[in-house]
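As structure tokens, here come the structures.
Shared between the two complexes below is chain A, which pairs with chain B and chain C, respectively.
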Partner chain A sequence: MPNELRHHPILQAIVDQGVLIAFVLLVVFLAFVAPHFVSTANAFSILIDAAPLVLLALCELVVMLVAGIDLAVGAIAGFTGAIAATMMLQGFPWPIATLLALLAAMLAGTLQGVIINYLRVTDFITTLAGLSIFSSLTLIITDGEPMNINANGFNALGEGHLLGVPTQIWIAAFIVLVVALWLGLTASGMHLYAIGGNRVAAYRAGIRVRRLRSFAYAFSGLSAGIAGVILAAQLATADPNAGRGQELPAIAAVVIGGVSLFGGRGSVWGAVLGALILSTILDGLVLLNISPFFTELVEGVVILLAVMMGHLRKRSSN
Partner chain B sequence: MKAKKPATLILAALGSLALLGSTTAAPQYTFGLLLSAMTPYFATIKSGAESEAKKLGVQLLVENGNNDSATQSNQVDTLIARKVNLLLINPTDAKALIPAVEKANAAHIPVVFIDRKADGGHAIAYFASDNTQAGAQACQFLANHLHGKGNLFMLLGISGASATNERSAGCDSVLQHYPNIHVVARQSGHFSRRGGLTVMRDVLIAHPNLDAVYAENGQMAIGAVRAAEAAGRLKNLTIAMIGSGSAGETQLVKEGKIALSVAQQPAVMGALGVEAGYNYLNTGTVFVPVPLHMDYAPGQRP
Partner chain C sequence: MPENAPLLELRNIGKRFGAVHALRGIDLQIISGEVLALLGDNGAGKSTLVKIIAGAHAPSSGEMFLAGSKVSLFDPRHAHDLGIETIYQDLAVAENLDVASNIFLGRERKSRMLGFLPILARREMRREAASALEHLAIELPLRQVVGELSGGQRQAVAIARAAYWQARLVIMDEPTAAIGVGEHEAILKLIQNLARSGVAVILVTHTMPDVWQVATRIVVLTRGEKALEGKTEELTEERVVRAMLVGRESDA
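Coming up: the complex of A and B.
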């Protein structure tokens, strides 16, 4: 019981303050050294880039809580954009095309979840296959060419504003809120932590482990799909390579945010902060005109520092 | 298409009649086309090659190497085992694909390089545009347009890719003669539309007095235009890109949002590769250069 208490999301959030401190230090540092870093335009620039990354990080957070991993999130994002664009070309009104594309994304995630939990193929292998399959389906659907999207309503999801704030920031914030409420206040949210903490114990306690783990993958598919809609809308294009490779920054974001790869530990707050830290670093590197050769070096060092800091935190809390 | 059919039938009939004497079937070639990846640019090479193959009655097997040299080498092996008549290779890597090309040589299957080449093995032809020249032409245009003075953003391709290195070298070779053109940023947009958009957004914030953008492919340039439009800065910017002549790019040039596209012609490359291979198998010779095409916006022609 005390162990479970320590994994309680609210306590977890307090432990996660180390990441917040790192983020604040990063922002203060860049405010001093990077020209024009402190401006509304730049704040929005960081948040706009962070929006799809936050959604993909939420995918990883939820599946990692149940000791899984989803390598297919970037591929499903691209796949969703391609489906939405195709249906709009076929004459479907954009809200229907978008909803059906999101449904397809959720189905894709559900399919992965079912294969993992009922057919017992490991999470890593199933989603690695998913990465290949959905990347390929996107190429097949788009025939390798960018598909233009002319529906203004759809494109507004990625380039519009609401109360002066870019739409995709609202969308990401809304999903963050929903997931925070889900994990923090509902029984199924708590059960995700329990499954990741000790699957056998969770099963014995009456938690329907396979069903809930499958549901985690269904959510991952849906959240990846929403990220895909934003990616397509902000360019008014379904790019045949959209989302490709985005699973790695998403995994990096949650790792930076203190989410455990082995399940049971992690918070929405951490995933969001991790994504913000990565977007802020990328933004800072461009503002400072650091050679792109260094980008991945910096990212790698930040991931290592974050994980080492997490170990220190864990040791001190023991 | 329909109207042509009877004529083709007659030709085919004549062909088989002519061949009756030699008792061999009409030559039905099968070519393998190995693309390094399936980006819009390579998809255009593919469609150019496919339409030419259809015209010549060649069966074309297309493989996507997914930017992975091991995958592409396996695909070469498979096509050699299938005994294709010719391989059109767009290598994922200049070094890693040498053994695969040598295997094709050993199997006496002629090789044509498209867009990129391997550093070893033997090929009967290599169709590509001159990347260094393309970079130089784009930046020469910008230098003239800025009258040798101003702030330039170099929007680079994937770090370490040969296309990036050669295009940048071409641009730099011109800019060194213009000390008053300040390259205020050199950043990578990874050859993608989204990369161009996100990097351009930040560069516009960091440099309120930006005058011109040099983009190393069309996808990034399209992204950069969107960022500049959103920031209300497009009017004050001159953008030159190394394009591929795609519909989206051509539209922006027509609208004057991109001042110059030094357009590569991937469809032509694909078609010429197939045509050259076909001619080589029939006649034993090959020669076709691929010119670059200057696509100016209204009023930009020097």
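Coming up: the complex of A and C.
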């Protein structure tokens, strides 16, 4: 592409806001071709599906900002649901069971962070091992059977409504807000970007790189745990396979949203938009009566398109 | 502290890496406001010495005194706290952050949101960064991401950062190596301005004309030992180069 064209403001705007434009085009397209796409019920249905995905995408966003990756988010989500269900079965009140399960999720994330940053095992291997370990622990805890959850308060987290909006949407929106404030307004949020941008510079500037990177994984564990609570609550069941395989859509969502796999680049806005695009596509497939066997094929193609789009964006900014 | 007492004094500093003597018996004094050129061939021990002063390496032997009191540096953060800043050749800046954020990186100004939540005081930092740049006569777009700046501009960011944080000693490793001809003079001028404001500067370089243009004193290291030391105006390039190649004049 010739230089003057590449820097043309309109083209630049299209490239910069590519994700948003893609989302709008997608919605317009589905509004025309998919029956019943434009309705409040369907909008809520997309957002309900998107809620846990958004939380898992936030996990990936935060660890990818520090040039990491977390393959264990789906497994930790399932693990958290199983722990909460078991504790409720043991007679713990649901708020305590939920808090302790979330604490366990955060601990799981912290453990991964410490192994990656202090014992220097690569993030890929550590979280791949985490994926195996927490999936297996979930099977052990549940004995491979779905566990019913009878606590109404807990189930309301995935079935209830507040001001006419499903609870899990509120929960996801709240966490999105917290993370947006963290990344945008605080020093530690900016330090995540600094570490991803130039780890050596961050270290020399006195930023405690290993501690903050470990904290990113701790956050990832916690956010995955909240996703796990929502997944369990909306089915009133801790499913032994809950969250399984969800790391891929989570990574896809942030890649679609323009988060760099190499660290230092990405926004909450992008991660949320990426998750919404993915949920909308999957919703569209259902409405168009396309076999679920196509789901992962579509996800794969979308990831590739997003990465190629990202390259274009990078080239045009250089 | 008496006038002209050394800001930093090294006594008999040595460093071994296993069987290798990287540095041996280094005595060195540096005074506020001077530009000390640290010269030597590759492997002469310059970077080891610089890392010891910057707190990145611990010396195997010897003592260091900062403004008359004995110090032992364990990490770069500690060196920062004592007013020692190092500007490395690879210009460690976060390319994805803007100029003001880089100047304040690791030491951000904060304000309280809702009375208790500590948040970044971006406007205040931008204002302070602007006045720091103005003080050193540097012109830079504060909101620009550093990755989009030229080599010389990045160097200026690093220098402004050190100056803003009231460094007492700034170590510069090959500051003119990575930048274009057009910006070369500007950087040298900046180094002189920095020294004139009372900062001691250690300049590590291979570029001889730079040395005679800005350095007030020269120290030559050869094979881990101090081979030559003197005021710039009393030394010739020939003597310096000979010291770099063959070592101490009495040995030759």
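Everything below uses one rule, namely that the second predicted complex is superposed on the first by the 301 of 318 C-alpha atoms of A that agree within 3 Å, B and C clash if a C-alpha of one lies under 4 Å from a C-alpha of the other, contacts with A are read in each partner's own complex, and residues count from 1 in each chain.
As a working rule, a residue touches a chain if its C-beta (ideal position, glycine included) is under 8 Å from a C-beta of that chain, and two chains touch if they have at least 3 such contacts.
Predicted model, so just to flag it, every value in this text is computed and none were measured.
J.: Look at A:T126 in the shared chain and tell me whether it touches chain B only, chain C only, both, or neither; answer first, second, both or neither.
T.: Neither chain B nor chain C is touched by A:T126.
J.: In the superposed model, which partner reaches more residues of chain A, chain B or chain C?
T.: Per-residue touch count on chain A favours B.
J.: Could you tell me if A:S214 is touching chain B, chain C, both of them or neither one (first, second, both, neither)?
T.: neither
J.: Which partner does A:N198 contact after superposing on A: first (chain B), second (chain C), both, neither?
T.: So A:N198 only meets chain C here.
J.: Pick one for A:R265: touches chain B only (first), chain C only (second), both, or neither.
T.: A:R265: touches chain C, not chain B.
J.: What is the contact status of A:E159 with respect to chain B (first) and chain C (second): first, second, both, or neither?
T.: first
J.: Where does A:S45 make contact in the superposed view: on chain B (first), on chain C (second), on both, or on neither?
T.: The answer is first: A:S45 touches chain B but not chain C.
J.: After superposition on the shared chain, which partner residues are touched by A:G206: those of chain B (first), chain C (second), both, or neither?
T.: second
J.: Taking the complex as given, what residues does chain A use to touch chain C?
T.: Result: residues 181, 185-187, 190-191, 193-194, 196-198, 200-207, 264-265 of chain A touch chain C.
J.: Which residues of chain B touch chain A once you look at their complex with the stated criterion?
T.: Residues in contact with chain A: 38-40, 42-44, 46, 64, 156, 159, 184-188, 192-194, 197-199, 201-203, 205-206, 208, 219, 222-223, 226, 230-231, 246, 248.
J.: Could you please specify the touching residues of chain C with respect to chain A in the complex?
T.: 76-77, 80, 86, 88, 90, 92-97, 101-102, 105-108, 110, 113, 118-120, 147
J.: Applying the document's contact rule, which stretches of chain A touch chain B when the two form their complex?
T.: 34-36, 39, 41-42, 45, 48-49, 139, 143-146, 148, 159, 231, 234-237, 239-242, 282-283, 286-287, 289, 291-293, 295
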